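Two complexes follow with chain A in common, the first pairing it with chain B and the second with chain C.
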Partner chain A sequence: MAIADAEALTGVTRARVNWTPYLLVLPTLAFLSVFFIYPMAQAISLAVTDPPTGALTWAHFRRMSSDLYFGQAVRFTLIITAIAVPLQVALGLAIALLVNTRFRGHTVFLYLTALPIGISDLAAGMIWLSILTERGYLNAALQRLGLIEQPVVFLTLERPEWLLAAIILTELWRATAIVMVILLAGLQLIPKDYAETAAVFGAGRWQTARHVILPLLRPSLQTALIIRTILAFQLFATVVTLAGRQIPVLAGETYFWYSLYRSPSVASAYAVLILLLSASITWIYLYVLAPKAGEVRL
Partner chain B sequence: MRSLRLASLLGVTMLVFGAGAALSAPAQEVVFTSNQFTPVTEQEWARNTLLPKFTEETGVRVQFTTENEGPYVDRLLAETKAGKGTIDVTGTLHGIFPVFIASNAIADMTAVQQRLDARRDRTFFPDLLKVSKMEGIQAFVPWMQATYLVAARKDALKYFPAGRDPMRMTYDDLLQWGENVRQATGQRRIGFPAGPRGLYGRFLHGYAYPSFTGSQVKRFKSAEAVEMWRYLRRLWGVTHPSSFTYEFMAQPLLLGEVWVAWDHIARILPALQERPNDFVVLPSPAGPKGRSFLSVIVGLAIPKTADNPDLGERLIEYLTRPSTQVMTAQGVAFFPVSPEAAKAAPTGGLKVVADGVSAQAGAPDGHTALLPVGLGARTGEFVPLYVDTFRRIAIQGEDIPRVLVDQGAKLDELYRATNAPCAPPDPPQRPCVPD
Partner chain C sequence: MRVRLVGIYGAALVIGTWVAAPLLLIALAAFTPRNILYEWPRPLWPRAFSLDTMLFFLRSTGVWASTLNSVVVAGLTIGLAFLIAAPTGYALARYRFRGKGAVQLSILVVKMFPATVLSIPLAVAFIRWGLYDTLIGVAIVHTALSIPFVTVIVTSVFVGISYELEEAAMTLGSNRLRAFLRVTLPMAVPGLAAAAIFTFVLSWNEVFAATILTLDHRTLPALIVDSVISAGAPLHFRFAGGFFMVMPAVVIIFLIRRYLLTLWGVTVR
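Moving on to the complex of A and B:
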């Protein structure tokens, strides 16, 4: 609008305003308003109002924070995110670099590693549940190899650290691929000239990767980190499948408050908490990973 | 060439006539929602076996949607709020009807019931009809009923405490049984559906509490309750440590992870159907105050906003017909609500269940507990209070009396806020609060 006004002032006819970009973003904007902004506003209003009177209240947040599962849900969500996301990014980067060397058969390898992207998180949870339960594939294999006599109960509430390990393993298997795809796309955007120039100046492989490739890959890394962290805060189905409510997580509690306790207000309070967490983490990533002055950007 | 032309002519003719037939008689449709039959196998059975027979007979298509309690209740209440709806018939647990009544969402079924009675081909068990009347109206027509039982592998019976009768099992027997298995095999083979969507909470408030204290709510903090929680802690010690992931006990029973399981009959049935000769069904255990079990009653109602209440009534007539009730029992192990249907002899896996059910219902020390009603919109908070209590006591190892005081205060607040009456076996006081 500002441009249009400026042009109108300088006496140029309005017909020359180029509306195409606005028309092009309109569907996206409409979609976002209907399916994201409106529900978000509704969730926030549910979380801070008293249902019968409509008065402002903090009661739902108080109820949320005094709940038996709240403290653990915050703790476990942060622990899982803190362990799984760096591992996913490191592993994704390693695979992306490997695929980018274009070794023989790298396309087959790429498709195989990208396969889990197509599997829903619930299905991934079920797959790993069938591997890890007492009568699962892992125990069967170990028994056949003669490594154990009796099946080992991996998923037991007496060993929460094993439950956590199972969840993180499943998350690694399920979500590393998406990181890899984002980073691979980023790598393929980097012109070969940079690496060749580095080689001319005598940089080794490691030095090239550290000082040339990684800085140039920053935008992709940023995207991958933001997406993975936000999704980690929404982590739910794999956890519920493998660990029930022994490992409570924030998104799971949101679901339980809505569907088990039938309290949309407290569920919304949880949703608002997840929103705040995601927003602040995204902001931190954008701030920390922003290129410093004098750095090259593609 | 000639035959090809003939075939295409035939094809076109069929198309025209087919389309014509479809246009001339607009297909009628009745919309049926429920929070029962949510497991995929049950949904399939409802869509492929139960409802097509109705369509065959009447030409009315049934659009059947089954969802978990949350979205299910919300859809009907949203239609009520909007003042116009699509749902013609809805079927759910009797404990959910107060939520609908509180929002004025469902019609009084008295007239429908009278027309069903006038057909003279079915009667309903009088105690079920009594439960269907609440807040001055008949909230639903009884549809089917269910309960929870113990299923066990036959080869686990050799570990059952010597000299005791499994058909008259007590809670002490159950603990000893688990202990014997553990000593013999080194494994914990008793299982409970303690996963997030499992029904373990029903075991706590409808089975253990009334069997140990004679009450679901009033004696929540009593000395007997403290005793019961001590017992449950010990029982948890012989319970399979993956129980917190179980939601349907048929699966761990079939896998052999669990040898003795307590669950809803519909959630045990798949194991019995697959291997009817390997399992027995036993009544739930008895405690110091008798053998308490929950009677789950499922009813059918017509929303006030229904588009086609007449078609809805036809569907209700079909679903409560004795022959349909027998079919339902054979298919998904929900038992009849009519004596005419209850007479039919069950076969296969269902026979195993029926034996267990009659042993439970006919036990001299047996008594029925009912799901709580009257908590309105806060109905969903009741069961989690018991499950949280269990978690704090048995898993986190907190001090029993202190937890009971804490959780009892929440129960107190819930009942006072909703002014709800006690459900049997507690006396019908209002509000129902822990002593």
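Moving on to the complex of A and C:
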């Protein structure tokens, strides 16, 4: 429809440039330059300059990296991301494939599993806190089953691996929905004939999924991985509610350096670190995991 | 075949329970009397229900004011985001122009951009511009975050409405603006409403920027984070707060269910 409509809409001949779409797009581009490109440049400049003199300095990065919490924050952020994101993609894919079978009641199931999209990391943290806290539902259930006498303290620094597990569980519960929706949108773009053709040629259900559906789903998988990984680098409220600063993470440290230590410069250094990590992971997903020459792209 | 059906329904039941159970439990906690929440042995099903826990939360200092702030910020965000992004969505649906691909790509990049990175430099800039600790300041950041979503929904809405109807109105004597307002726009309303509703959720839920950019004029998530970090808010406050924040989400996702795939479906190719 686009070409014919554009001409119909503008009523001008092909030779003249039609400025209407550019005018319509302008506010968005202007707004994004002021509130995305400018702050991004500003974050970098704050992180590498000395506030009073404006001279270039690495002091903020040195202060950041010499802080006791820094190493832990990097380590915990990467661990949580490395475990949570693959689990989210696996579960999200399973749910999307399940919805795509269009079993009776699949619309209700889709709505239910998509619900966490509307739930904030903060609220999700509170929800799982009500389950995992000392007098929470998990302990209540374990006691009812006769497995424990006294409540088990799950969320304590004495058991950092349990704290991590709680955070990962909460993230899995909350953020799988986004992955599922991205993958389901991708699945619905794949023409049904492909799977039917595979079946005609004798492929089983598993073979079809593995060799026909999955390769065609690659762009959606890539997008889901990029979005989820970048969001995982910004993990903040879930951690704050479940573990406080016992499990330091990068976004949390950004917050503490800004609000607690009143140092926008070191906070910016953290922000730049998150930005660099996000850019590199996107590059890795896009180019290292890119389809090899000759592979079909849909 | 029967084995497969059992497998599908079994899996759907397990996954459905995994998603639904925590939601039911937080609702249960929010209406459990305070003393029962701290009891041991803790009953799974409370002996009695009460509004006590919810009322404690709602009467806590700042909760009403910050809820109002959240609603105002969300309203401002919806207004700003539509003013800025809706024309872009329309242009992407109705025109073909040089640079269109670049515009679409930059919008996608914005969707993936780590928002945490924006908050610190904007806080510094907002102090200079007199926007720090103001609701409009928070709304501006939320607008930046919601522009990609508003654009994709608006685009898909207008792609779905045939331009020929507008043309038909024009042949019958309408001018272009009138044809758009009287023919296309009414058909677009449900989709545009979905975009507005999603923008509301995005703003209502946003924690980090709101926490960094406000001090006295907290939004609700910023107030709750602050009360957890610096005041060590009691558990019943947290449960009630969590439930209070989740409530709108359940309704809202239901209202926009048709557009869920559009919101997130655009991919990098």
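Remarks
In the analysis below, the second predicted complex is superposed on the first by the 275 of 298 C-alpha atoms of A that agree within 3 Å, B and C clash if a C-alpha of one lies under 4 Å from a C-alpha of the other, contacts with A are read in each partner's own complex, and residues count from 1 in each chain.
In this text, contacts are C-beta pairs under 8 Å (C-beta built on N, C-alpha and C of every residue); 3 or more make two chains touch, one makes a residue touch a chain.
Here the structure is a predicted model, which means the values were calculated and not measured.
With chain A as the common reference, chain B cannot sit beside chain C without a clash. When both complexes are overlaid on chain A, the residue A:Glu158 reaches chain B alone and has no touch with chain C. Of the two partner chains, chain C is the only one that A:Leu32 touches; chain B does not reach it. By the touch criterion stated above, A:Ala82 is placed in contact with neither chain B nor chain C. In the superposition on chain A, A:Ile182 contacts chain C only, with no contact to chain B. Of the two partner chains placed by the overlay, neither chain B nor chain C lies in contact with A:Ala55. Set against each other, chain B and chain C differ in how many residues of chain A they touch, and the higher count belongs to C. In the overlay built on the shared chain, the residue A:Ile284 is in contact with neither chain B nor chain C.
Once chain A of one complex is fitted onto chain A of the other, the partner contacts of A:Asn139 are limited to chain C, with no touch recorded for chain B. Of the two partner chains placed by the overlay, only chain C lies in contact with A:Asn18; chain B stays clear of it. When both complexes are overlaid on chain A, the residue A:Gly244 reaches chain B and chain C alike. Clashing C-alpha atoms with chain B appear in a single stretch of chain C, chosen from 2-10, 20-28 or 56-64: 56-64.
Once both structures are placed on chain A, chain A residues 129, 133, 135, 150, 240-241, 244, 258-259 are touched by chain B and, in the other complex, by chain C. Only residues 1-3, 5-6, 8-9, 18, 20-25, 27-29, 31-32, 35-36, 38-40, 42-43, 46, 91, 94-95, 98, 101, 103, 105-107, 109-123, 125-131, 133, 135-137, 139-141, 143-144, 150-151, 173, 178, 181-182, 184-186, 188, 219-220, 222-223, 226-227, 230, 233-234, 236-237, 240-241, 244, 251, 254-255, 258-259, 264, 267-268, 271-272, 274-275, 278, 282, 286, 297 of chain A touch chain C when the two sit together in their complex.
The touching residues of chain A, when paired with chain B in their complex, are 68, 129, 133-135, 150, 153, 155-158, 240-246, 252, 256, 258-263. Only residues 68-71, 73, 186-187, 194-197, 240-242, 244-245, 255-257, 377-381, 383-384, 388, 391-392, 395 of chain B touch chain A when the two sit together in their complex. The touching residues of chain C, when paired with chain A in their complex, are 5, 8-9, 11-12, 15-16, 18-20, 22-23, 25-26, 29, 37-44, 83-85, 87-88, 90-92, 94-97, 99-100, 103, 106-107, 110-125, 140-141, 143-144, 147, 151, 162-163, 167, 176, 201, 204-208, 211-212, 221, 224-225, 228-229, 235, 238-239, 241-243, 245-246, 248-250, 252-254, 257, 260-269.
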